[in-house]
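Shared between the two complexes below is chain A, which has chain B as its partner in the first and chain C in the second.
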Partner chain A sequence: MENSSLRPVARQANLTIEELPTELVVYDHLRNSMHCLNRSTSFVWRLCDGQTTIEQIGARLPEVDLPAHLDIVRQALKTLDKAHLLVGKPQFAESGLPTRRQLVHRLGLAAGSAAALLPAIASATAPTPTMAKSGDKDKKPKKPKKNGQDD
Partner chain B sequence: MQANFEGGSREIALVLACVRAHYTGRYRSDPISAEMAWSEVLSVASCHGIVPLVFASLTAAGEPLSKEARELLRTEFHRSAANSFLYATELVRLFDSLRERKIPALALKGPALATLLYGKLSLRTVRDLDILVEKNQVGPAMEVLRACGYVPAEGLDGAGPSVKAGLRKHALLTHQRAGFNVELHWAVADPSFALPLNFDRLWAERQIVTILSQPVATLGLEDTLLTMCAHATNHCWGSLKWICDIAQAVSSLPGLDWGRILARAQRLGCSRMLFVSLALASELCGISLPKKLEADVSSTKVRRLCREVRTTLLLDAEPPVNLNRTLTYIRSRERLRDRMRIALRFIGPELRPNARDRALVQLPDSFQFLYFPFRLVRIALFCWKRAIFPIIQSALDWPRHRDWTTTSPETASP
Partner chain C sequence: MAVRNSSSNYAILSEGLRVGFRSSGTELIPRLSSVFPPGSIQTDFANLDFVYSLDEEPGRKSYTAYFKSRALIRRATLSAALDSIASDVQHTVATYSRGNLFLHAGVIGWRGRAVLFPGRTCTGKSTLVHALIRAGAIYFSDEFALVDASGNVHPFARPLSLRSLKGRSTVCPDEEGLKVAPGPCRAGVIIATQYKPSGAWCPSHLSQGQATLELLRNTVAVRSDPGRAIRYTGKLASSAIAIRSPRGDSEVAAPLLLETLDRFLN
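On to the complex of A and B.
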């Protein structure tokens, strides 16, 4: 099991960040990919300053209407890591993480509201002009796929 | 000013409520009915290119949306945002290449406008890139675009002949593999639109916007507003996106010098199209206009044109085409010489002998000039048959052996 004093660091380089009322849109210049972080994920991401421990982040979750539960932070870090939005890989055992469905059940959240509250990132990857130029097969902007919303 | 939203569907009313909420910060709409057709809401918002604004307003207002509705809008917003970033990346790449070749170029609309007006690429949909270069730089710019993987679309082999003939304002190019569309402009408006905006002047007034951390040259503030109004007029204000852009410019660009804008518009003869655009932005988006403009945007001619555009938008009807479109252009101009120029540009091609004239009568080379009077005779006969004769016929109550008003593709024009 990971150390709860882990201090994750949010990646800042080569990103364009746009804040919308309920989403944080992050464009990764290096990968030409766009991520839309929901409220809880962006909240966790903003607290990843290298100073705040995941336990402290967890304690602040009620600010975004979520219970102070460490598994939610770990879920958010997992999705952020998958989207390459963290510096380094957070050291925690993914095998110990509950699935999204288990988390909803464990926290006693209503199924409908859970989708909006629990950490999730919708990502869309666009083909780079270099890819297009190098003779890759035709690629158009892909339909966004849900990342972190599957069980 | 308050818009009268009567007559539109509840889906259009919701889209307009979202648009107004974006500018006023106050979301006011009837409670969302369980029978709201969300696919229709999405279709209206997509069609008008304002999915991001609708999505942002609805979520900010905390509307209790069904899961289906939320996902539908969210997915479309993500798709639009990804596309905007993708096009922004491509614009930066093309401007780097043009800069390397020392070709002065200005980014029109697209990601530059999204950055300048909204400060966010994700809040404005982008369907293509528009790049303006000086007329004599079209060839070199075309070469740069070819080197970047673009080919002229629709079988056009370069823009040279079109530039020389002065018939068009841009050439469309498509990326061979990625499918990006780029419109390479050598003029801001079609010659038929009679709005001569000089490149040197536009270049001198340019400003730099930072897109994805890279500098890109675009039009100055005042030119941005005037060209947005001209563009919206050119399309008979057929999309809410353009009206929203104008509203956004008025509300988010405090540095707009209205004295300069009005003077420039007057000099170019495009004051009325400016006032109609501003009146529409005020009515539909709920923005406040500067006091000094109130009298101008409330004039009868402006109000009448506004009312027609609003009806078309609310009823989701197609904007006018052909003759009606030209009439709208004429009505949007205040100077007689511009109106005449637009009318002549429309009539001019009709006066030229066409293939049907040549098929009806075959004249030897030395008598080719006779096609012109022949053409005039044919037009006169056409008008007689299609317009004058039916009027006389109905006035005198003659029996109608043939319905002269029936239009078939063959008889739609002489």
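On to the complex of A and C.
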């Protein structure tokens, strides 16, 4: 059961954050992982200050050209939680959360623009120097994982 | 105490690092010069950050190479021993560089801008770079992009190391009359590409953040200095167009890729 006054908190500890014009690149020192937060995810994350409710965050989504829909906020929080970028785990029922494809259909977004607008995080593990040096030809570099896409 | 370079000791300064080389035989020092990273300059054998050694086993014509006290290769031919030192020196300088940030990438120059192909060893960068410079591009490197704080890309023009079914071969661009970059320039395009047997060239754009992430995935020292890594790669990505595409054979991909670059850079 969701707490309707959920006030998520963005993690700050042990992170290096680089602000780009519309995105954020985050390095997690604890996990040696790297993330690229797209525009809408960056927007939601910045509003996770422990004071702002998810309803208030949702009401501001038109500032990033998205409808004021609570499921978009939940989708963003789900991807942020998966990337370990929130303090604590947001308490909402993921079972009721639509998939990305369902959300695109529900919101009436064109498929191409949805990919750019809906919350998404691209993640990768930071390589060690040895990983790059080994040159094992059977090892393929991992493609960045994209959170927020359909399972 | 500073020791002058002697017939068995030699030191270089590379990217702010002082790297020393010792050998058991006086005739080996000139051969060691082949392993120095491009852009290295001679310095005193003193206050060294790292030391490599090359020992010849008496009467056996075999060699053992050491990094500090760790053997890189034992009882090998001279060529194999020198190759192992060369590879390790480049990797050490890339990892601990106090100057430029090292990214694993093939780099060419085209229409006055640097074009980067980030990717780790054995992803086909050298083959692609070789095809492109034979088609008229300027050679920066087949292994490392050196990025400074302003986002400029510096050449690291080592001999290309090409792999084929017959084994590995080395190509010196200047010996083939190919153009080598004389100095740094701004990045123009970042291309995330990987060889696939049936790969078709069909580029799609990457955002600045996605491009930065792609560069970070191939940054040698990202774990030891993530702040600098993110700043430098973010700066580089801010001045460049970034695309991703699979590709097929280099001979087929090269002209298609240059057509794409002409559209972006003209």
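Keep this in mind: the second predicted complex is superposed on the first by the 133 of 151 C-alpha atoms of A that agree within 3 Å, B and C clash if a C-alpha of one lies under 4 Å from a C-alpha of the other, contacts with A are read in each partner's own complex, and residues count from 1 in each chain.
What we mean here is this: a residue touches a chain if its C-beta (ideal position, glycine included) is under 8 Å from a C-beta of that chain, and two chains touch if they have at least 3 such contacts.
These figures come from a predicted structure and were not determined experimentally.
So, A:24: does it touch chain B (first), chain C (second), both, or neither?
second
May I ask you to decide whether A:87 touches chain B, chain C, both, or neither, giving the answer as first, second, both or neither?
Neither partner.
Between chain B (first) and chain C (second), which, if any, makes contact with A:37: first, second, both or neither?
Second partner only.
Contacts for A:9 in the overlay, against chain B (first) and chain C (second): which applies, first, second, both or neither?
neither
Taking the stated contact definition, name every residue in chain A that is touched by chain B in one complex and by chain C in the other, in rising order.
Looking at chain A, the two contact sets intersect at 16, 18, 20-23, 25, 27, 29, 32, 34, 36, 122, 124, 126-129, 131-133, 135-136, 139-141, 144.
Okay, in this complex, where on chain A does chain C touch?
16, 18, 20-25, 27, 29, 32, 34-38, 122, 124, 126-129, 131-137, 139-141, 144
Per the contact definition, I'd like the list of chain C residues that touch chain A in the complex.
87, 91, 94-95, 104, 119-123, 194, 207-210, 212-214, 216-224, 226-227, 229-231, 234, 237-238
Under the touch definition given earlier, write down the residues of chain A that touch chain B in their complex.
For this pair, the touching residues of chain A are 16, 18, 20-23, 25, 27, 29, 32, 34, 36, 112, 115-116, 122, 124-129, 131-133, 135-136, 138-144.
Which residues of chain B touch chain A once you look at their complex with the stated criterion?
My answer: residues 56, 59-60, 67, 70, 74-75, 77-79, 81-83, 85-86, 89-90, 93, 120-123, 148-149, 175-180, 212-213.
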